[in-house]
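Below you'll find a set of structures to go through.
Two complexes are shown next, each including subunit A; its partner changes from subunit B in the first to subunit C in the second.
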Partner chain A sequence: MQETHTSPIDDPVLDISGLTVEIASGGQIGMALSDISLHVAKGECLGLVGESGSGKSLTALAVVGLLPKKVARIVRGSVRVDGDSAYAEDGHYKDGLRGGKVAMILQDPMSALNPVLKIGDQVEEAIRGRSAMSAVQRRDRAIEMLDLLKINRPAERVGWYPHQFSGGMRQRVVSAAALACEPRLLIADEPTTALDVTVEASFSRLLKQLQRDLDLSVLYISHDFSVVAKMCDRVSVMYGGTIVETGRTEEVLRTPIHPYTDGLIRSIPDVTQKVEWLEPIDGQPPSIFDAPAGCPFAPRCAHASPQCQTDRPPLAETPDGRHYRCWHPLTDNAQDAADA
Partner chain B sequence: MRLPLSMPMREAVGAIRRARPPMLSLGFMTLLVVAAVFAPLIAPDSPRVGQLSSRMAPPVWLDGGSVDHLLGADQLGRDMVSRLLFGSRTSLGVAFLAVVFSGVIGTLIGMVAGYFGGRTDAILMRITDVALSIPLILLAIVLVAALGPSLQNVVIVIILLLWPYYARQVRGETLTLRTFDYVALARVAGCPDRVIIWRHILPNVMPTVLVIATLQAANVILLEAALGFLGVGIPPPSPAWGLMVGEGRIHLATAWWIAIWPGLAIFLTVMCMNIIGDWLRDWLDPKVQ
Partner chain C sequence: MPDGSPNETRCLLEVADLSRTFTDRRGTIFRPTEHLTKAVDGISFTVESDSTFSIIGESGCGKSTTLRMVLGLDRPTTGTIRFDGADIFEMAPETQRRFRRSVQAVFQDPTSSLSPRQTIGAIISEPIRANERVTKLDLADRISDLLSTVGLSASLARSYPHELSGGMRQRVAIARAISINPKLIVLDEPVSALDVSVQSQVMNLLKRLQRDMGTSYLLVAHDLASVRFLSDHVATMFAGRFVETGPSENVFSDPLHPFTRELMDAASPTALTPNVPEPADAQPDGDAAQTGCAFRLRCPHAFAPCHTTTPALRVAAPGHAVACHLHDLATATGSTEAGSRK
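Moving on, here comes the complex of A and B:
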C-alpha cells in the first residue's frame, strides 16, 4: 500500500469513488449507477435513501462483489474497504475481503437463513474458515453473539432451526451471524422492511445500540427516511442511479438542498402535526434504459429549467461540507446551511 | 410439510405418523428386505442345484404337489421358494446399488450444473439430454451384449441409464436454491463454492432425491427383470426374477408356476415401491395437501 495513513477520519472504512455500473438487459444497456461517491468512517452509520430502483442495493452488491456477473459491469470508479481496493485490475472481486471484513444483513430474514441448518451452525459460518478456533470455541462465540443480539437462552437455541423463530428473532439471528466475525463494515440492506412496526422499532434500537457499543461502521440502506433519521449520522439520497445529496442527517432533514430530498421528506407522515394531505412526488422514476440526458429528476421537478433537461448537474459543495447535484438548489436552504 | 430433515426426531416421527404412510406397502417391503437378507437361513433348498426327480413339481395344493416344494419346482427341479428368496437378493441388491450410485452421480452433476450455471451448465445438461434421449431398453441390451452379461455389468449399465433423471431434477431445484439470500450471505462470509454446495444446496435437494430414488428403485427392478427376461441380464444359473420369468415362459402351458411366481414378485415389489414413492412425493410437497 503506497497511501500514507493519516488520521482515522481521513481513512474511511468504506470509500466508494466515481463508481459507475452498466446493466445490460434484453439487448439494452443502461447506466444503473453513475458516478457514485460515498464514504463511511470508522464507527459511523451512513444512510443510503432512495426509492426502489434508485440503485441502493446495487451499490451494496458492488461493495460485496455480488453484482450479477453477466448483467452488470463496473465501467469506472473504485470501491475501497479499509484502504484496499475491492476489485483487482481485471475486474475480479478480491476474495480477501470475504469472510470477515464486510458482513451483510438483508431484507428478508426467511431467505437469509438456511431452513435445514441449525442456527448455531449458521452463526458460526463466517468464523469457520477464517480463524483457528476449535469447534467448542466457535460454539461459545455463537452463543455469545446470540446473547449480544438479545436472544434468550442462547445456549439452548443454537441447536434450533430457523422455523422455530419469529421474523424479528430471525433477523437478530442473521445479525448475530453477520457480526460474529467482527466485520469492519456492516451493510444493512433494508433490514426492517419485512418486520412489522413494533418489531421494527425494537430491532432498530438494538442495532443502533450495538453500532455505538461496538463502534461499528454501517452502510444502512432504506427507502424510509424516518428509519434513517433514527439510525444514521449522515445520509446520502439516491435517485436514478446517482447520489443527489449527502449531508448530516439532521441537516438534510431540516434543510434539504435537492428538490427530490425535499419531496421525500414532505411525503413522510408526521403524527405530531395535523396534516390534511401528504404531498406525493408526481410521476415515476426514470427507467435506466431511457435515462434523461440531464438531471434524472428533471421530468418530475418543479424547479426544472431547460438546462436541467440537457446537462447533468455536477457535484457541488456548500461551505459547510454538504454535497449535492442540482442546478437549482433550494437556495434558501443552501444559504441557511451555509449561514448555520 | 417440506424439509422434514430439519425437524427434531420426535417431531419427525409424529409428523410421519400423521401423514398416513401406506402401511401395507411399507410392511411388504420390510418383509421382502428381511427375506432377502436372511435368504440363506430361510430357504429350504439350494436355489442353483435341483433334483431332476422333482422336475416341474406343482405347488403343494395341486395334484402331485408335495410339502418339499411349497410353490412347486422349475424345469430343473429347483425349489421355487428358494429361487424366489434368493432372487429377491438379486433384485433388491441391483436396485439398491444402481439407485445409490446413479443418485450420487446425478445429484452431483445436477448441483454443479445448477450452481455454476453458464457454460458448465450448458455442457452438463446437453450430456444429460443426450443420455435421456436414448431408449433405455435398447441401450441396455446393446451395452450388456457388448460388455458381457454379469451382475456387475447390469448394475453399471443401469447406473449409466438412470443418473440423468436425478441430474435434471436436482439442477432445477439448485437454480432456485442458489437465488436464496443465504447462499449470497455464505459467499460474503467467504465460503468456497464446494462448501456452499455441500452445506446449503445438498441438504435442501435431499427430499427430492429421496423421492426420485424410491420411484427409480421400482424402475430398476423392472429394468433388471426385463434384461433377465430377454436373456441379457444376470446369467443363469443365478436366481433372478426376470430370468425366471423368461425361463418359465416356454413352460407356461404345462407348468405355469415357474413364470407366475417371479412375475407376481416383480409386480408386487414394483407396485409397493411406486406407492411408497408417490406417498413420499406428496408428503414432501407442500402444494399437494
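Moving on, here comes the complex of A and C:
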C-alpha cells in the first residue's frame, strides 16, 4: 500500500501494541494472546491468518471491546483507534467507538441479523441515534447502503426479511449495516467462510472494491491463505497466541521467514496441479493451557533447537521491514538481519 | 449416459437416472399450492472399485441429497442405485445386511458425528460389534490396530471425544468407517471442518488408506484442491444435474462447462479477477430450472438456445462429458441431435 517500511507509521487507524490477554477456564489460566503488536494504516487491508485457537478472533474482540468479561482479561498492552486509546483507564471500552469508528462483520450472517426484523430496519438501526437524520433520511440512507453493496432493487428489498436472502446476500446486508455509520476501521472475521466458493469470490471482490473506493482500513481475519492473498496488502500470521510473522502478502507467500508460515503454505493443496502427497505439518496446535515455555511452534518445528524449547523468540526485523519471531528464520534475508 | 466406458475395473456402485423431488406446501390453508423442488434431477454415475468419484458443486445443488440416497437414508423419486449389482432398495434382508457392512460414511463435523458419551474404543468398535462375533480380547486388539492405522495412539481407546482435537476426532471417525473393511466409504466434506494444517494430514491419511485397503470413495466437497488431490473421476453438479463429468485430470486441466470454470477460477490462488460477471442470487429453483439451461442466468456465454432447451450431457472428449450448448456448437458440426430430453 504505502512506502513505509518501518513499523510505527505516522497515524495508523488501528495500532495494537504489546497486547496480552489471559483466559481463565476450569480453574486454569492461559495466555491466549501474548505480546501482540500490529497496525493498520489508512486504506490498508491487513490480514490476520491463523488456525482455530491461534488467537485471531480474540484479537478482533479486543479491538471492538467484546472480550468475554468473565473469562478474559487484558493484562498488558494498548489498543488505539485513530490515535485514541480504545480502553479507558479503568479498563472500560470507550462508548460509541464500536458501531462508530469501528465496525465488524462476522462469519455467519444469519446469526448477525434479527430474523423478525426487516433488513431496512436493521441497516437503519446502525445509524439511529448517531446522527440527526429524520426517519425518511434514514430510510434513504439504508437504501443507498444496500445499493452500495450491489443489492438489486434496494428500495423494494429494504422491506424484506433475512430469510428471503441467500447467504451471500445476507452477508451484504450485514456489511451494509456495518458500513452505514462510515467507520474508519472494518473488522472482517472470516466473512466468507460460510459462503460457497463462487459467492465467496464475488463477495471478496465487492469488499475489496469498497475498501479501495471508501479508503477504508480493514483488519481481515481468516484461516485461509488463498483468501488473504486476494484481499490483503499485508499479512500477520498467528500461532499459539503470538504473531509469528508480518510482511507484505506476496513476500510472505513467496519467501516465508517463519517455519510455521512455510509449513502452512506448503500444506495447502493446489488446485492448479495434481500432487501425489501433501506435506502436512505434523502434530497439533498447542493448547493455551499447556503452552510450551519457548516458541509455541517448537514441538512441531523441524528446525527447533534446545533454545527454541526454553526461550521465547523476540520480535526481529529484516532490513526490508518484515517482522518475525523465530530463532532460526528461513530466508537468507532474515538470516543476515539476525546475524547483524 | 456419462462415461459408460467398459473398463476392466469392477463397477461397485451404479447410479442410473436418479431423481429426488421434494414437495412443499405453500399458499394459505384454504388455498394450498404444491411446490415441487427437483433436488436431484436425473443423474447417473458409477463408482469403480479402488477409485474415488467426487461430486463438486455449491450448497443446495443436490450433492447431499445424492449421498443420502446412496446411503439408503432417503428414497429416490425415480431411478435406481445398484451396489454390487443389486438394487439397494429392493434387497433381501440378508443382502441388505451385507450392503450396510460394505458402505460406511465419514461426515463433515466429527464433533456431532461421534457420540460424546462413548469412549473412542466403543465408537470405533461399534460396527464390528454390530456385525461380527468377536471376543473382548480380539476386539481390544482390533481397536488398537485401527487406532494405529489412522495414526493415533492406542492409549486413546479409553478417552472420550471431547478430549481430542478436531483432527484427531476426524481420524476416529475414519477408523470407525474402516473398521469392518467396507468396499465404499461415503465422504461428506471430510476435511472442511478441520484446521488448515490438519486438513492435509487427514487427506494424506485417506489417500494412504485407499492405497492400502483398496476402498472406493464417494466424495462430496466444495474445496476443489482437496477434490483434485483425492479423485479419479469428478462430476460438477448444478441445480440437481451433472453439468460435467470426466476423469479428474481432464476436468481439472481442461474444464469445459462455464460453471466448472467459475468454480476453478474462484478456487485458484490468483489475484481477484474483476471482469467476471457477478453470480446471480442463489440457484434458480422452480420455473427457471424447468426450461433451458439452469446456469444460463449466471453464464457469461449464454445465447439463444440456452433459454429454450436444456442441454444434455454429451461426450466432448474421451470419457469427458459436458452439458452445454457451447460444446454442442463446437462438436456437432451439423447439430446431429439438437433436441433435448424434456
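A few notes on this one:
In this section, the second predicted complex is superposed on the first by the 320 of 340 C-alpha atoms of A that agree within 3 Å, B and C clash if a C-alpha of one lies under 4 Å from a C-alpha of the other, contacts with A are read in each partner's own complex, and residues count from 1 in each chain.
What we mean here is this: contacts are C-beta pairs under 8 Å (C-beta built on N, C-alpha and C of every residue); 3 or more make two chains touch, one makes a residue touch a chain.
From a predicted model like this one, the values you see are computed outputs, not experimental measurements.
Once chain A of one complex is fitted onto chain A of the other, the partner contacts of A:122 are limited to subunit B, with no touch recorded for subunit C. In the superposed model, A:328 lies in contact with neither subunit B nor subunit C. Of the two partner chains placed around the shared chain by superposition, neither subunit B nor subunit C is touched by A:94.
For subunit A, the partner touching the most residues, choosing from subunit B and subunit C, is C.
By the touch criterion stated above, A:64 is placed in contact with subunit B alone, subunit C being left untouched. In the superposed model, A:42 lies in contact with neither subunit B nor subunit C. In the three-chain superposition model, subunit A touches subunit B and subunit C at no common residue.
Of all residues in subunit C, those touching subunit A in their complex are 58-59, 165-168, 195-201, 203-204, 207, 222-226, 228-229, 248-249, 252, 262-272, 274, 276, 278-279, 281-282. Interface of subunit B with subunit A (complex): residues 2-3, 5-7, 118, 180-182, 184-192, 195, 199-200, 203-204. Subunit A makes touch with subunit C in their complex at residues 51-52, 150, 152, 165-169, 196-202, 204-205, 208-209, 223-226, 229-231, 263-264, 267-272, 274-275, 277-282, 284-285. Here subunit A touches subunit B in the complex through residues 64, 66, 70, 95, 98-100, 102-104, 106, 108, 111-117, 121-122, 125-126, 128-130, 161-163, 174, 177-178, 181, going by the rule given at the top.
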